[in-house]
Structure formats: structure tokens, C-alpha cells
């Protein structure tokens, strides 16, 4: 109990790494992985089927449809939803957040570490099957590049948004599901402003701008379609750090 | 003082008969139906199930109204009984994904499962009660619109001729609705038995039913692959049952024989029910 | 106990040692529900038991001390600062929360190591092994803590709270789920830490446990601090009621008559082998009973106050009866 | 007649032996099943209810075999699990009534009995409240009410006082005692707190890590006198009184053991009369003030200390 021990603090980068490791260990369960790998495999299989088919008039359009409809409306948001809402939300709900909170550490590295963990699981589960799908679907190099780019941007953005949601509300996964199905799936189609407020609008814009195939909502040029979601992610993470500082811990 | 007696201390022995396992199943099933529909609970719990059921009936009522208003002129647009089953499929999906998992996931979270198993119920009889409750409620959505059409047509004199014919039509409508409901219930409860979190169960049911439906549709329509792939669609395949019962085929399944359709439906039923039973056999009561 | 670098102004009681935890006029409401109401106290080294009925605000008070939730009014200081705002002071607190929540997929060693790492302990592995040793757990056990029994999880929680050698230890129901042997070991450990100058605040709702934790208690009832101090001393403050004492003796009738004759008791009831006396002067009674028994040739088997135990104090404070 | 008996009852989970060849006999009355969490209490209860099959050995409850006659047995048995979670938005009366129905009561009978049972546990006026709004103490009472509502011959109560504060604990124990005494329902309750088992149980079954530590009437297990425990109160005008008492007792050849953290000490000897007189005389000679003198008993705790060493 010397003066030296009382001054112990954990440096931010170390705090980030510690959070990252423990959140990753909590997130990666065999059940979740198996289920979502299976979903990715189905997407890739459908892509392969479309790729080898010779009964299609416009192969590129069919290919883009598979990637956009299956990949970016279902696979990416749901994978990000499952992991990002759990990243800090599960810790808060079950009462383990205190083991990262009551520590000589800053708040932002905890948020950043948890987000990095969610992205670490989310990326391979989405970008690999979608990348494979974009190759199998035989839509050309532009589609592969667009798919990977849009996948990375989408996972980063969805993960940050859903992580914040996990800290703000209970049952974040149900709210997130409603956002994905109702807002992005239905409301976004009815106007410019809702479209600009859905990640889906930007991922579709990336694909449209790189492949030239017209998609609903996909009417932005490449630069803003990449930058806006990344900025949104950063803002969401800042808000999450503020929330973590001010919230009640069980 | 000899007539001083203590009459009742508020708790008595029970000498009557007990209803046994059948009574227990009945009680749990009825209780589950009530909690699914939010009966006896606060208003906000009723909103969602009621909305789902209403949504299920809206298209059927609209078609029915048009068909009846047009009378004999409506022969062309008047849907057949089996076609009414397609009108409520979205409502059935929402029910299957968001409402049905609650029927078993909740019991595990709030301790009722352990309590039920401490009664004459066993794991199989408990699950039987749950399936009866969920499939029974879901049947309102699946068979309801067609039954409504059956009644509407009959009152308008457009229905089946004679009592025997009437019973035959009604029986097929109910049978088809129950069959669809049982298969959806099996898939939903099978998925729900894999997780303790209702949200994950909902995600799983959505991915399974909607995801496979989209995927098989893309493979058949966009990639031009064999139509038999549609049998892997747990959302659409059960809807083929009413069509076949009424001697028709839907456009999507036009080239598929009735035997494969029956086998595929049986497959989904067994897959769901098998998962459910397997998981619960291993689930400790306390 | 070396005094901490940032010294707080003393709050209550004579400032002999500066308090390690001080709670000043603190209230906490969740919506319209008042959980803690205008509580003031301070604690220094040693074991202090926090006692109160369920829902009285014990856990809320602990959460306030750790900064897990801010007070609606008043201040809560640990070593003079607010743990919610001050990063350094969080490194000097050890908390075993009430909820049975751990990172279920980690082994006990990894879990406690993580606690050490997040406290910036130089050698986390060694610190974790030592802390697990305190609570009788095997650091080599590879099983994840999710597969542990409740009692083992409780001990993992304790080990994690001890691993940073904290100056202030806040233990919310730490003895729940432990077997009798382990309970005694833990109580001894708490006393050793208290003797070494640590400040331990331990809540419990089992009076038998609290009585063994030591005599210093804080009694919380309905969100207020109902009493603080040595519970035996608290009993002596309950002046408005006579002490009731049971004496098991041969010839209780003779003993009772003598007690009444000398005005040592206000009332007495006698049975075949014992008497129960009410007295307002417990000191005189305690001094006189043995000589009197010898004088009468009465064999004295037991002398047992019936209401100076913690339970009576608790009932008096909490239920006002 | 034994209401429960087991022979060689063993439960093996993989490499872990949860119950190790238990031979237990439980008589009518209130029986305390004691041991730490993880000692096997809940596992034993779940076997006796027929919810789990033993790996070896057998059990008889109310003359029935839980493995083959589980449903029949459970119709006559009530059970309150340890987990203190209940359906949040269900009124207490509906909850108790529903479980009474599942246990075989006709609807009207179930309604009446649910109300009776809730009055019995002291929740009559609260019976229409949702379970989620109830305190820990009230929820424990609701669990007790549902266990007794269908007129069982026997109830299993798993940690019925867990989470209760001293006053609630006291009331719960009194209630359990009443249910057994007044209504003739046999009770098996588990607890990790030996003090409360010592307080209300007729019989004790003590488990430690799956092994049987003790099984028998409480009085036989804990009764024996082994001297007295004395606590003297310091008085200002006799500063050396305690030391004088200790010296006098030691001089007369008694084994005197000081307590760890209090002014109390034990005087250990077999002859209770000799101890009583010696203590009385030593105190009278020294002018000390008696805080308390109590008979030193073996407690359940000592059984565990003994089993462990």
C-alpha cells in the first residue's frame, strides 16, 4: 500500500487491447459462428449457382442482384447486429461491465476495443463469403472490388451504430432488426432523407458507382458513399464513449 | 361449551380426483395461448398479436369483398379457397419469427419450465402442450382467411353444393391450415430451442424462412436452376399443401409432383420437431 | 495505515485518522423511488458490516461508493475524490458485486489475471495465483468459470476483488453460497486484511455472519442510516426496554425470590429448571448473579441475555419493536 | 415409516461425481438438507422428483419409484425451485392457480385453493399483484404458496430463505414449520445456512461434495454438552477480573480456550456440574460481571469441519 501502488493506471492502448481480448472471447461462441458461417455459405452457393448458369440475359445485373439483395440487405446487417449489440450490451445486461468500468482506465479505449472485437468477428463472416460470392457470381473484377469495399465500410458502420444501440437500449437486437427490416428495407425506399439515413443507401451507391448497374437508393458517387458511413461510425463511437461515462453501471 | 368448533383454517385437504397428464397438457396449452395473444395481460401485450392477426385477414377480406360485390361477374377474379392461404403468409411469418419463440424461450428464462417439470408433465408432454398452443393460434392466421372465404361464398350461394360437399371443403381448409401451422411451428420452435435468447431465435427464424426463400427463388429464377430447389424453402413449401388438397399446383411448384412436396414438408416437420425434442431431452430441468 | 496522498477533509467523528471512505448527505433516487436518503458516515481501516433488510439500499450505497452511479445529492468520496471521475482512485478499490456475473468463457485464472491486468499490476500471473490461493481455488483449473458452481463463482469474484491489493474493499454479500468451512476462512481473511489497515465494507443479510464479521455495523433501513457503531453498544442505547435474561439453574424459585428481594430484577417468571428475568440494570445483575447463586447454593448452568444479540438490535432499529 | 429412502444413489456428470452412493432415510416432519452450494442438494432433489435419473442406486419417495412412477409421484408432491425468477407480469393468484391446475386440480378448486394458499403465506391482500412488482421476500412466499396449493403430501423447498433479510427469514421459517405442524405436509428444505436448519428441522441430511456427512434426528446430531462458553464484560473497577477467572479455572485443571476475537472463552470438560460450579465460584470470587454463560454444543458446523479434516 505504498504511494506507488496508488498511482497505477492502465495506458489507453493497453486498455483497448485488454478490452478487445475479453470482448472477443465472449463474442465468439460456437453456435453463433456456426449459424452465421452457414448463412454465408448459402449466399456463396446461390452466387455460384448464378455464376455457372447460362440461361441469364444480363449476367452482371443478376450478379449484382445476388450480392446486393442477399448480401447487403440480410447477411451484413444481421451479422453486425448479432455481434455489435452484444459487444458491450451483453456486458451491461449481465452485469460484467463493472469489471471493465471500475478500473484505472479511460472510457474510450473500452468502447474502441469492444468495437474492434465486433469488427474482427464481423468482417471475415461477411466479407469472405461475399468476396467468394462476387467471384463465383462471375460479375467481373469491378464487382469483386466493389463488394469488398462496400462490405468493409458496412461492417465498420453497422458495428459502431449497433454498439451504441447496445449501450442505449435493452433488447437492442430486436430494435436493430426492426431498423434493418422496416427502416432500411421499407422506409428508405420512400424518400431521399430516409435513404441518406440508412447504411444500405451507401453500400448500394458504392456498388452502383463501381459496376454501373442501377440499384434503388444507389445514386451517390463513390467518395461520399465511403466517407459518410465512416464519419457516422466515428460519431457513434464518440457517443458510445460519452454514454459509457455517464451511464449507471449495475 | 361442547359446540365450540374450529371450522376452517383456510387450507383444506383435497379429496377429489386429479386430472392427470391430459389435464396438465390442456392447462398449459390454454395458458400458452392466452399469453401469446396477451389475454389477461396489459394492453400493450395485446397490440402486437392482434395487429399480426388483423394484417393476416386484410388481403383476404378485401378480395372477398370485391368478389362478393361483383357477384357472378366476379368469376374471373374470385380466388379459390387454396389461394387464400397465400394472403396471410407475411402475417404467418411475422408470427412464426417474432411471437412463437416466446412460447418456449420465456419459460426457460422465467423459471416456469422447471416448475412445469415438477408437475405430472414430462418433457414430451410439455412440448406437446406448447406445439398445440402455438400451432393452434397460428391456424387462426393460416386457415382463417380461407374459412372466412368458405363462409362468405356459402352465404352468397357461390359455395359448395350440399352438406357433404360443404363438409369436405371445410375439412380440407382446416386440414391445410393446421398442416401449415404445425410445420411452421416445428421450424420456429426447433430454432428457438437452440438459444436462450428470444432475439437470437427471431434472427434464426428470419434467416431460415425468409433467407432460404429468397435464396431458392434467386437460384431458380435468376440462375435458372431446377425448380426442385424450391422444396428447400420452408416458407413456401407448406403453402403448396392447400393447393394440392384442392387439386391444383401453384405456378412456382408446377413441375413438382405431389409426393416430393409431401416428403419435403414431412422433412421440414421432422427437422424442426427433431431439433426441438433433441434439445429438450438434454435440457436440465433445474 | 499510511495516509493517502490526496487527503479528504474529515467529515464526521473525531478526525483521528482521515476516513478512507466518506459519504456526506447522500441521497439517491431512481425516478420517484428513493433508494438512499440523506446518509452521512465515514469509515476507516478495519471490517465494517453493512446490514439492512432487502431493498433498504445496501447495494445502492455500495454502487455509490464505487462511483457506478452518481448520487442525486451529496458527495461520496474515496480517499477524498469521486471514483466516478478519478481514474487513479479506481485502482485502489476492490469490488465484489452482488450479481453473479463473470466472463463465463474465461478460466478462473484468466478472469483474475484480467482483473490484475486491468489494474496495471506488474505481474498479473503471480498476482492472480496469489489471489486464487486466498480463496482456495486452483489456478491450474482450465474449466471456464461458466461451468463453476455458485460457491466457486463467488470465490472467483472475491479473488478478482483482492487481486490489486486494494486499500478499500467493498464486498456485497460475499459469503453467499460458501460452505461453512469456507465461510469461516473468508471471515478470517477479512479480519486479517482489516488488521493490516485495509478498509473493508461487507454487506450481509445473515445476522449470524455479521455477528462474526465483527461488532462494527452500519444499519440501513428504508434508505436511511439507522445506526452506526458497535452493536453491543447500540443495544445499551436502547434504554426504553428492559433487558431480558434467561437463567438456567437448579432451584430457580429460590434464586428468583432472592433476585426480587434485592431489587435486581423488575419481574421474573419461573419454570422447573429456569427463570426469565427482566432487568433495567444489567450491570448490577451481571455482577450479582454468581455470588448470589453461590450464597444460596444454587448450581448455575446458563445465563443468557435474550435480547442483546444483533437480531434484537436489528428488529429494534428496523421494525421498531 | 420413511417417506424417502435411497440406496447407493450415485450421480456422475462426466468425471464429476455429484452424488456418491447416498443411503438416506427421511422421516415424516421437517427435514433439512444442508450443504454448501454445489454439494449436491439440488441434484438430490431433482432425482427424488424424478427429473433426473441416477447413474446408479435407487430411491423411493412416498412409496413410489421416481424413475418409473414420476408423473404419479409429482402429482402428490409440491416443489419450489431455488431460482428466484418468476413470470414478471403474471398476477400471483393466476400463477398459483395455473400451477394448481397443472397439478390436477379442477378449475374452480384451483382458484379457491390458490387464494387459500396465498392467504396462508401472508399474501392474501397482495394476491392480485404482478409477480414482477413483488419483493424478494414476497416472491419466496409465492413460490411456497404454489408448492402447497395442490394439497401435496410432501413439498421440496430448494433454498426457501435465499436472499431474505433476517426478519423475512424468520417469518419464512415459522411459516414452513406451521405448514408441517398444522397441515401435516412433510417438508424437505435445502439450505446452506446451518443456523436455520438447526432452528426448525426435525431431521438433518448433511451433504458435502456429494457425500453424506450426517443423516438423522437433529437432536442426536447436535445435542451433546461439552462444557460451557463464558463471556465476561469488562468493568472499570475490576480491571483484572477476567484474568483472575481464567487463572482460577486453569488452576483447577480445566481446559480453557480463549476465543479469537471476543472476550469469550470456552471451558471444556465432560462433567457439566463440575464446570458449572467452578465457573460460578471463580466469577463470584473475582467480582467479574457475567455477560453470558451458555452450554457449549456441538453444532452442525462441527460435522462439516470434521468431515473435511
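Per-chain numbering from 1; labels A, B, C and D assigned in written order.
Simple rule for what comes next: a contact is a pair of C-beta atoms (placed from the backbone, for glycine too) under 8 Å apart; a residue touches a chain by one contact, two chains touch by 3 or more.
Here the structure is a predicted model, which means the values were calculated and not measured.
Contact with both subunit A and subunit B is made by no chain of the assembly.
The chain with its CA mean position farthest from that of subunit A is D. A separation of 56 Å divides the Cα centre of subunit B from that of subunit C.
Measuring from the averaged C-alpha position of subunit C to that of subunit D gives a distance of 23 Å. One finds 53 Å separating the Cα centroids of subunit A and subunit D.
Subunit A and subunit C have CA centres that are 48 Å apart.
Counting partner chains per residue, subunit C shows two or more touched chains at no residue at all. Annotation for subunit D: no residues touch 2 or more other chains. In subunit A, no residue reaches two or more other chains under the touch definition. Taken chain by chain, the contacts form a single closed ring in which each chain touches exactly two others.
Chain pairs that touch one another, listed by label: A-B, A-C, B-D, C-D. Listed in rising order, the residues of subunit A touching subunit C in the complex are 1-3, 5-10, 14-15, 18, 22, 25-26, 29, 94-96, 98-106, 248-250. Only residues 52-56, 149-152, 177-182, 184, 191, 205-208, 214, 283, 286-287, 289-291, 293-294, 299-305, 311, 314-315, 318-319 of subunit C touch subunit D when the two sit together in their complex. Remark: subunit D residues 35-39, 135-137, 163-169, 192-195, 208, 228, 233, 235, 261, 272-273, 276-277, 279-281, 283-284, 287-295, 300-301, 304-305, 308 touch subunit C in the complex. Across the interface of their complex, subunit B is touched by residues 31-32, 35, 39, 42-43, 45-46, 49-56, 62, 65-66, 69-70, 74, 78, 81-82, 171, 173-174, 177, 181 of subunit A. Every residue of subunit C that touches subunit A in the complex is listed here, in rising order: 1-2, 4-5, 63, 66-69, 79, 83, 87-88, 90-93, 95, 97, 99, 101-106, 114-115, 117-121, 160, 164-165, 167, 197-198.
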